[in-house]
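Have a look at the structure below, then the notes.
Per-chain residue numbering starts at 1, and chain names A, B and C are given in the order in which the chains are listed.
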Amino acid sequence: MKILYELLELQGISGDESRTAKYLCEYVEKRKKNWKVAPEIFFGEEFHDCLLLKFGHPTTAVFAHIDTIGFMTRYNNQLISVGGPEVIPGTWLVGEDSLGAIRCRIQGNEDELFHDFPRGIIPGTCLSFEQEIRVDEEYIQAAYLDNRLGVYNALKLCETLENGWVIFSTYEEHGGGSMPFLLRFIQENAPIKHALISDITWVTEGVRHHEGVAISIRDKFIPRRKFINRVIELAKESGVPFQLEVESAGGSDGREIQFSDYAIDWCFIGAPEDHVHSPDEKVSLVDLQAMIDMYQYLMKNL
Amino acid sequence: MKILYELLELQGISGDESRTAKYLCEYVEKRKKNWKVAPEIFFGEEFHDCLLLKFGHPTTAVFAHIDTIGFMTRYNNQLISVGGPEVIPGTWLVGEDSLGAIRCRIQGNEDELFHDFPRGIIPGTCLSFEQEIRVDEEYIQAAYLDNRLGVYNALKLCETLENGWVIFSTYEEHGGGSMPFLLRFIQENAPIKHALISDITWVTEGVRHHEGVAISIRDKFIPRRKFINRVIELAKESGVPFQLEVESAGGSDGREIQFSDYAIDWCFIGAPEDHVHSPDEKVSLVDLQAMIDMYQYLMKNL
Amino acid sequence: MKILYELLELQGISGDESRTAKYLCEYVEKRKKNWKVAPEIFFGEEFHDCLLLKFGHPTTAVFAHIDTIGFMTRYNNQLISVGGPEVIPGTWLVGEDSLGAIRCRIQGNEDELFHDFPRGIIPGTCLSFEQEIRVDEEYIQAAYLDNRLGVYNALKLCETLENGWVIFSTYEEHGGGSMPFLLRFIQENAPIKHALISDITWVTEGVRHHEGVAISIRDKFIPRRKFINRVIELAKESGVPFQLEVESAGGSDGREIQFSDYAIDWCFIGAPEDHVHSPDEKVSLVDLQAMIDMYQYLMKNL
């Protein structure tokens, strides 16, 4: 899990994913020779800060967003949100501007946010939760499990994947924006019929720790039932523990597939977490393993 | 109106339109030999649960959405909405899960919805309003006139249409999502300049029963004035009774044409109904006939 | 500034931009022979009410929206908004319906708007703020500086531009809708990598009159940081006065570039105004000049 620890330490809020993308690209270049199939790699300014890996002859793509929620400095000592971070006064934030490294605490509330850094911070500076990774027998707890675990799952999948796209997208936490051009590129080069969203969901009264990876029947948006039924059938065959999610809120990269110019079925599949969008996101290790196993099975059998 | 009765009995909330699509496709296959022009039919997994009919050389398309609002079961005895159904406690819902047929009543309110079915229902099960069709000299009243009447109007149009697309779309009640790929397919195969939205609108202080089909100058979105003016001119020439609608809220498949990658003018034209999104939607038969007549005229003269 | 005065007198709320587009097209046809490079002109029904000018070999496009906020008559003496106009009871509105010229005042509040015109106005009639242009040594004040100044800036740029697209878009004030088809046309004909949004922003506690053109690091949406950093570097080199904006709300044509099917970097650059969306919008002449100078510099050096 060394790669997961490194991923968790990377700062990269929505809009500022270039370092994370570069890290992933270098990792892929280094590891691909050990993978069952060496993918074709699409990376660079033409793809902004996204990374696309094409394995064999794809009919399905896996999407994992690489951006995180966070904060941006405004004028004076004001902060504004990037995505929807949990605002807990006293939480430590870290970042850097041209004057040097920054470590400060959140003050105020969701409507009026401030930092307590002794000097002014240059407007537009990105700040992330200070990272503290905690792993025990049952759980991993850290900032940004959403979606470093989804990225980790996608990288694990690469080791054995024979046919399929693995896509690292940007901007998901702040309304999206990379999915449309990624989908166009995919459909014009090696088109897909299905998409799996490798992302982290919520622990709720119906989705609990240790009960397996969540397969989402819906969130704010509703994927096509015919496809979801097929995914559930395969999930049953797989023997991998899973639970069904039915939510009326929340969204993912699936939203942008739904509204894209292409008829692509999609399904969100991911481990559930507690303390969403806080520095203390918490996921069961059993559920993470189920997520990894389920993706391996589905990408072979879909 | 046998076909209308059959349409009204079909269950198919947004995301779960496959049965409705199949029914329509079979109907078209059976009837097309009696139509003035036999259309080219596009149907199947490539088009998800949509159906496209191409008559002659199109410059205009008619869009009718085939999905309906409804409910989905969540955990325990909770319900969540699909689209924006009117929530009236005590309303009967029907559906089916793998344990058998379901008939139950809505309890609670818009924020906390429940059903009273004696056994648990499998999470993610789709439920629709129980249907009760009432027709008298003046009105038709039933669940899901929105948009079974729009579909019926489109099918009536097929009988005499010489040039044009007739499109049965999905997902309209829940944010849309099929229009973008339908539009791309249309524009890449037999492109259009204009679109008419065959859907049902609201009775308001300015749009009344028995005063003709409503031509919408705007809802939440604003079609291009130049095109609307032309539609109104033709409507005047047609002699068919119509009324003008000006609303600040509401949307339709027109929204997705507005935001599509193509410069296509659009106009919503449909009969008004009372008791919107309830089991008691009510439309004047005179207005329905005006809707049918107006589409015939416009598709010949636009 | 004769052209600016003429632009400010043109009525053309979102959806009803045909007269403004025609005026611009005629202006371009008349003036292009005096420009450094004569552009290729794309105009006509195929482009709805937009106008595209292609100079040389573009890698960057400048977008200026030509629509304005305003009002539309509903039933009886009701008004509804187009875009988000400031509602100040007593404000004079002007327009025209088939019965003749209209001049009336706003009554009521944002939830229930009325006009006081003695006769009924035909439903769906467009009304604009009555124009009163005031210019002194320091400021220009008028209705619709947003975005007549952005259009004026784009036209000034045309005089010396060698390579680039200059695009006049529609619908921006009311949710957008022309950008997707404009972007598709651009990318299929002479594709770009960057876009600058020539529009007017807000005076706030961090963006003030007389301190230069505002370069927006973000509004509700977040452009890619890597590109923004490059724009800021160039802005520093330019010697043109500028200030950095960081907002959590507001949007522009940049939003639709972000969500388009293409990987195009974008940045909003415009003078700030006070009394936004009122008849009294106010911009510093120094900031307007900085906007014009900055576009000249960036379009040469990006």
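Everything that follows uses one rule, which is that a residue touches a chain if its C-beta (ideal position, glycine included) is under 8 Å from a C-beta of that chain, and two chains touch if they have at least 3 such contacts.
Which protein is which chain? UniProt says A, B, C = Putative aminopeptidase FrvX.
This one's a predicted model, so the numbers in the text were calculated from it and none came from an experiment.
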{"item": "Chain contact graph, described as a line, ring, star, complete graph or other shape", "value": "complete"}
{"item": "Angle of rotation relating chain A to chain B [CA atoms, steps of 5 degrees]", "value": "120"}
{"item": "Distance from the mean Cα position of chain C to that of chain A, given in whole angstrom", "value": "36"}
{"item": "Residue numbers of chain B (touch at least two other chains)", "value": "261"}
{"item": "Of chain C, residues touching chain B in the complex", "value": "14-16, 18, 45-49, 72-76, 80-82, 123-124, 126, 171, 174-178, 180-181, 183-184, 261"}
{"item": "Chain B partner contacts - residues on chain A that touch it in the complex", "value": "193, 204-206, 217-218, 221-226, 228, 244, 246-248, 258-263, 265"}
